[in-house]
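The letters A, B, C, D, E and F name the chains in turn, as written, and every chain counts its residues from 1.
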Amino acid sequence: MASISPYGKRFISYLRREQIKRLLSTRYRVDGRGPEQVRDVEVKVGVVKTADGSAEVRLGRTHVVAGVKVGLGQPFPDAPDEGVLVVSAEVLPHASPYTEVGPPDESAIELARVVDRGIRHCGYVDFKKLAVEGGKAYVLWVDLYVINDDGNLVDAANLAAVAALRNTQLPAVVKDETGIKLGRNNKSPLQVEVAKVPVAVSVGKIGGVLLLDPTFEEELSLDGRITFTFSEDRIVALQKSAGHFTQAELETALDLAWRGRERFASALKDVLG
Amino acid sequence: MASISPYGKRFISYLRREQIKRLLSTRYRVDGRGPEQVRDVEVKVGVVKTADGSAEVRLGRTHVVAGVKVGLGQPFPDAPDEGVLVVSAEVLPHASPYTEVGPPDESAIELARVVDRGIRHCGYVDFKKLAVEGGKAYVLWVDLYVINDDGNLVDAANLAAVAALRNTQLPAVVKDETGIKLGRNNKSPLQVEVAKVPVAVSVGKIGGVLLLDPTFEEELSLDGRITFTFSEDRIVALQKSAGHFTQAELETALDLAWRGRERFASALKDVLG
Amino acid sequence: MASISPYGKRFISYLRREQIKRLLSTRYRVDGRGPEQVRDVEVKVGVVKTADGSAEVRLGRTHVVAGVKVGLGQPFPDAPDEGVLVVSAEVLPHASPYTEVGPPDESAIELARVVDRGIRHCGYVDFKKLAVEGGKAYVLWVDLYVINDDGNLVDAANLAAVAALRNTQLPAVVKDETGIKLGRNNKSPLQVEVAKVPVAVSVGKIGGVLLLDPTFEEELSLDGRITFTFSEDRIVALQKSAGHFTQAELETALDLAWRGRERFASALKDVLG
Amino acid sequence: MKKSPVPLLQNGLRADGRAPDQMREVNMAVGVVSNADGSAVVSYGLTTAVAAVYGPREAHPRHLALPDRGIMRVRYHMAPFSTKDERKSPTPSRREIEISKVLREALEPAVVLEQYPRSRIDVFIEILQADGSTRVASLTAASLALADAGIYMRDLVIGVSVGLVDNTVVLDLNGLEDQYGEGDLPVGYMPNLKRFTLLQLDGAWTRDKFLEAIGLAVKGAEYVYQKARDALKNRYMSIAEEIYGR
Amino acid sequence: MKKSPVPLLQNGLRADGRAPDQMREVNMAVGVVSNADGSAVVSYGLTTAVAAVYGPREAHPRHLALPDRGIMRVRYHMAPFSTKDERKSPTPSRREIEISKVLREALEPAVVLEQYPRSRIDVFIEILQADGSTRVASLTAASLALADAGIYMRDLVIGVSVGLVDNTVVLDLNGLEDQYGEGDLPVGYMPNLKRFTLLQLDGAWTRDKFLEAIGLAVKGAEYVYQKARDALKNRYMSIAEEIYGR
Amino acid sequence: MKKSPVPLLQNGLRADGRAPDQMREVNMAVGVVSNADGSAVVSYGLTTAVAAVYGPREAHPRHLALPDRGIMRVRYHMAPFSTKDERKSPTPSRREIEISKVLREALEPAVVLEQYPRSRIDVFIEILQADGSTRVASLTAASLALADAGIYMRDLVIGVSVGLVDNTVVLDLNGLEDQYGEGDLPVGYMPNLKRFTLLQLDGAWTRDKFLEAIGLAVKGAEYVYQKARDALKNRYMSIAEEIYGR
């Protein structure tokens, strides 16, 4: 309830942290990757049969499921002729020993909102096509479910969300005496503009070295962290979520993220078709 | 909010527990009863004048009040032509030194839901008769109020609920320019099928002995606990709520509960008419 | 959520308390005032441009802002032809080192309700004129915002509320195809009956001495506290909020409050016009 | 003020037949909740409040404990079936939260909290039936429950309401008078110490009517006080019987 | 009972082609959540439950710790996209809170909590797909996750449901049978100790049908138990491989 | 993007008459909340944020305290009457919770938390009027309040927003430009250390426009920084006057 920002108690030992830094100064990471290297990434769609659209992403040992449910509702007052997108994120208590049971905390809320901002305005989904007669609109409920957290949730969750939307089937709108309803026996694919798919790429900074796709223990050692979301050649979302950056670092991070974008985009290729 | 199940801190001293067990091995209970004996039970109806139906049950020193309020609402989507039953339970902070102030905890929720399941499908209330024109339905709000907890809340609360329903007067449905309302000046009795009244009977197990109607301190010594709800000769609800049972114990408990049913049914006789 | 009344931990040292009492026995207060003297009071209206009405009150170092937002809603069922008043109070965490972040606590709720009762029935606002065709009504949301708490919040908040209402502009009711709305481009002043303005005056009791306008540290030393709200020559609200009073003290407090009323009323003069 | 469906005052009598200075039937019983350290049920006409006291017990959470005196918590709550029309939501309303606070502040002057450092005394009040004057019936019930629990008290706090009906001062408002009358003035009073510990007010009162009402409240409280003393005496007698036999 | 859109039983076979005493396809895997101390995913047909165990760890908040044994917390929760029709609100419902309680009480008899004084064992269960029998699939998943975490256990608790369809006792209800059948009886059973730790019931059952159903549940549980043992064996084998090489 | 009711840019000037690189009128005052350890009010045009700091004080609840440094809590909240149209619900929205987090993370790099082990510093920010750029005005106000409280800081964090309007990069978005423009880029910047501590972005930006915007943000922050230094100087002067007389 309180919006006041609490502190989680996530520790990494001083020794391990120094080890990560020392190794990185030789441009190696403790899991053997180079700074610009992304972990193995796997994207599967249609994994949740009860959802209207779904996807599962494994980024190293990070594991995220996205499920889309389509509903009917009121459009936003300032966009009466558009569908509605609601992105929520839940980091399951399964995901790490630090996760508390309860409503989403500030980190989960930030995760959902960064993914949401990437999708909302880039043109990947044409919300104008999701208006429904009678002043109603389709509501796309995208639920991001983190099952195991080994770092870099934003990049993984963004992939899961865009893949699940690609996989989504819109139930038909049915009228009967009591009003307008959704008929799940008659579905058609949600149209998405594949070329405009938003891709989020996070860049971490440890001891002056910029790197892609940080793991959980790297995240505990960060001096800075920033996420860029790209759609085509545009930046459509940005979130500095730890530390600080000089202007030169910012430019370097942007270029590094742009290169990382390729890696994630290619993992989506089969899924987007 | 969190559905995670917390632990209450309810203790009984080791010595008292051993005393209860030792005595029970000779088939006596610390309050002088035999294992199959139910405490004095008293059922009164009409005790709350502001309610549309009410009853009060004293089972030994356990004291439960049930109040029924009738409202108008939407039927459930999967039963558009039926009335709605909502059973809630509150264990008042009055009831014992262990009760915390706050929204109902898991035990109160379980209590309400077990009583609800007993009533919902057994035919005691004919929900089809509670549909109201214009797509609306009567809502029966049954509030179970535990004022003093000396054990066996389920059996007492079930008695209070069925007696309060028997005592309920349905306000007439009135139409005016603003729509449909309830008129409390014009009431008629809620029809219940007396023969189908559901009766909940709990069986406790302490050191291998099965017993009826456990007190609060016996409940702190239980190795097992199961509640059967009967309507006519059918089992209409069942809830194992502590420990474990062998198949043989289960059959014995069922037969014991069936005998206990008589005792509670006779306490209802005057009330049900 | 829980309505159980918690204890704040607000302390004043024993020595300071004795100092306040000793000085007061000579009819002096630690800030140099006499018992019947009110601190400097300043009332400004129109201080929040985004609100439909607003005011700011400084009573010594106590600082309260009131903002009025006008909405459309349902009238109360027992007053279908009247507008609706909703007074809320929030003591900002800014206001003192004792304020916790969270939903309004019992003190903030009491503050809002005492101010509300003063305004609701005295005729200052004619709620009959706030009905809107089609079974709707104007809703006056009055939010009392305590920015700095140096005592006597009720008197200050009441002044801010009545001044903000005097400053309020009612948006016009506009009809379009989707129904009734408010049009904020077309506003007209909320009519208030200036002569009936309710004025709240609190009286504190310390060691037998009655005094007006207690400061925060005086409030921590009170043996009694009572607030009278006057409209014309009537008492329209009353709240004993600490300690106890004899009948003689009660009469003296009433007369003292009546004299204090003048001081607050004159601070309102320019604002009410 | 809305117009009442029936005249509130006719030929000097109220709609329920009472004289202006007459209480409804007052009933009390002490020791009604067997698990509680102290308890009481009080009814003024239909209005029924049941109070239970637990304590003194260890203050918890511990950072709330005070080194030099006990703390008291008070909860006033209305049962969902206690009101006349629709079911009341069980979630505490702002009204219930405010009343919990004023009841605590009405009881505190009577309880010798200095006797109970680092301890907590909990007072729970539930309204089972509401027909006006619920907060003042609660106050009487809470006082009896505290006394039943053996808590040190300077005096009982007795609650009564007075009101304005057709510009006449009346004692012990019922629901109808509360809804349609011109004023409501709930009072908490310590009859021996002659002090007011609860005072609230609604409506529009002249100074004279207000002081007249205060005077009537004192009389009403003294009447209820006698009933309360009897209820406590009965309780002690029955405990004594239990212990020493007849 | 509402009428099913398709016959639930025809020529001795159920709507999905199963015999009355036949489970749906049962799949299990252990060690699926790498951060957890133990984990498992179990599916009965479409119904899929993933369980993770953390602990034993220090009980926190500390006043909940017990000096002589560990405490166990269990959370059962359904994903918003796990149900067939509308999105389910993620706020725990009363149903989910009750099931969390009965699952905890079904697991406690199997866990040797005396081994873990002052500690806490957390069991988190999430339903990813729901098609009937979710609580019993949860029970099996939780047992496997506890075993995977190396928690001392007296036995596995295996969950299966039995139900009444056209007055025939059937094993492992799916969503259709749960919604339109005449009775649902979820069971938790320890196959070695031969004890029931979860029993609930809906519908209307004669004594005979009830006992017949209990008998069928035992058979179903024994079948699932073999699968569970295999899943644990596979997990140990793969760990052994990791450690000792092929 | 929706179409604006008025042109956002015409003849090189914005709807409110500003040049693209021009801030609205900036006003600041320090020490405005007398009970707080530090406080400030900052306005960029209509947008008004008032910040108060309490601390360092003992971290509470104690299990949140860190042995080697202080913790900081930040709350960003909007008054119900701060928005243009309907009353805003006072319950913190997801947006307010996210902004509280990014503001804390924008302030942390500037505060020498190592100086305050086991302590807590609380920063409370309230938006009294909202007309765009509320989070960046909050950042400036919070920095001033922290400095006013005498908290050790490496630099002030200055907040400004830049945006895209008709494909032109503009400084300090107002509400209209925020709603109808093509992009919003709030920035937190430490002018002496030349480091960015807050960066968010909405809309669609090419690399070039993004870098141009960052450059403009730095200029805007340097301008606001001079105002902030003056406001602090005034505060110190008035304190000095109080202490040493004129």
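Definition applied: a residue touches a chain if its C-beta (ideal position, glycine included) is under 8 Å from a C-beta of that chain, and two chains touch if they have at least 3 such contacts.
These numbers come from a predicted model, not from an experiment.
In summary, the chains found to touch both subunit E and subunit F are A. The chain pair B-D and the chain pair B-E differ in C-beta contact count, and the higher one is B-E. Centroid distances built from C-alpha atoms place E farthest away from subunit C. Chain centres here are C-alpha means, and the one lying farthest from subunit A is D. Centre-to-centre, using mean CA coordinates, subunit D is 51 Å away from subunit E.
Averaged C-alpha coordinates give centres for subunit C and subunit E that are 57 Å from one another. Inter-chain spacing, taken between the CA centroids of subunit A and subunit B, is 47 Å.
Here the spacing of subunit C and subunit D, counted between their Cα centres, is 27 Å.
The set of subunit A residues that touch two or more partner chains comprises 1-4, 101, 103. Among the residues of subunit F, those in touch with two or more other chains are 75, 91.
Those residues of subunit B whose C-beta lies close enough to touch subunit D in the complex are 48-51, 54, 61, 63, 65, 67-69, 71, 88, 90, 92-97, 101, 103, 141, 143, 145, 147-150, 184.
Taken together, the subunit F residues at the contact with subunit C in this complex read 33-36, 39, 46, 50-52, 54, 57, 75, 79-87, 90-91, 122, 124, 126, 128-131. Listing the residues of subunit C that touch subunit D in their complex gives 1-7, 9, 78-79, 106-107, 109-110, 112-113, 117, 121-122, 226, 231, 233-247, 250-251, 254.
On the side of subunit E, the complex with subunit B involves touching residues 1-2, 63-64, 66, 71, 73-77, 91-92, 94-98, 100-102, 104-106, 109, 179, 185, 190, 193-207, 210-211, 214, 218.
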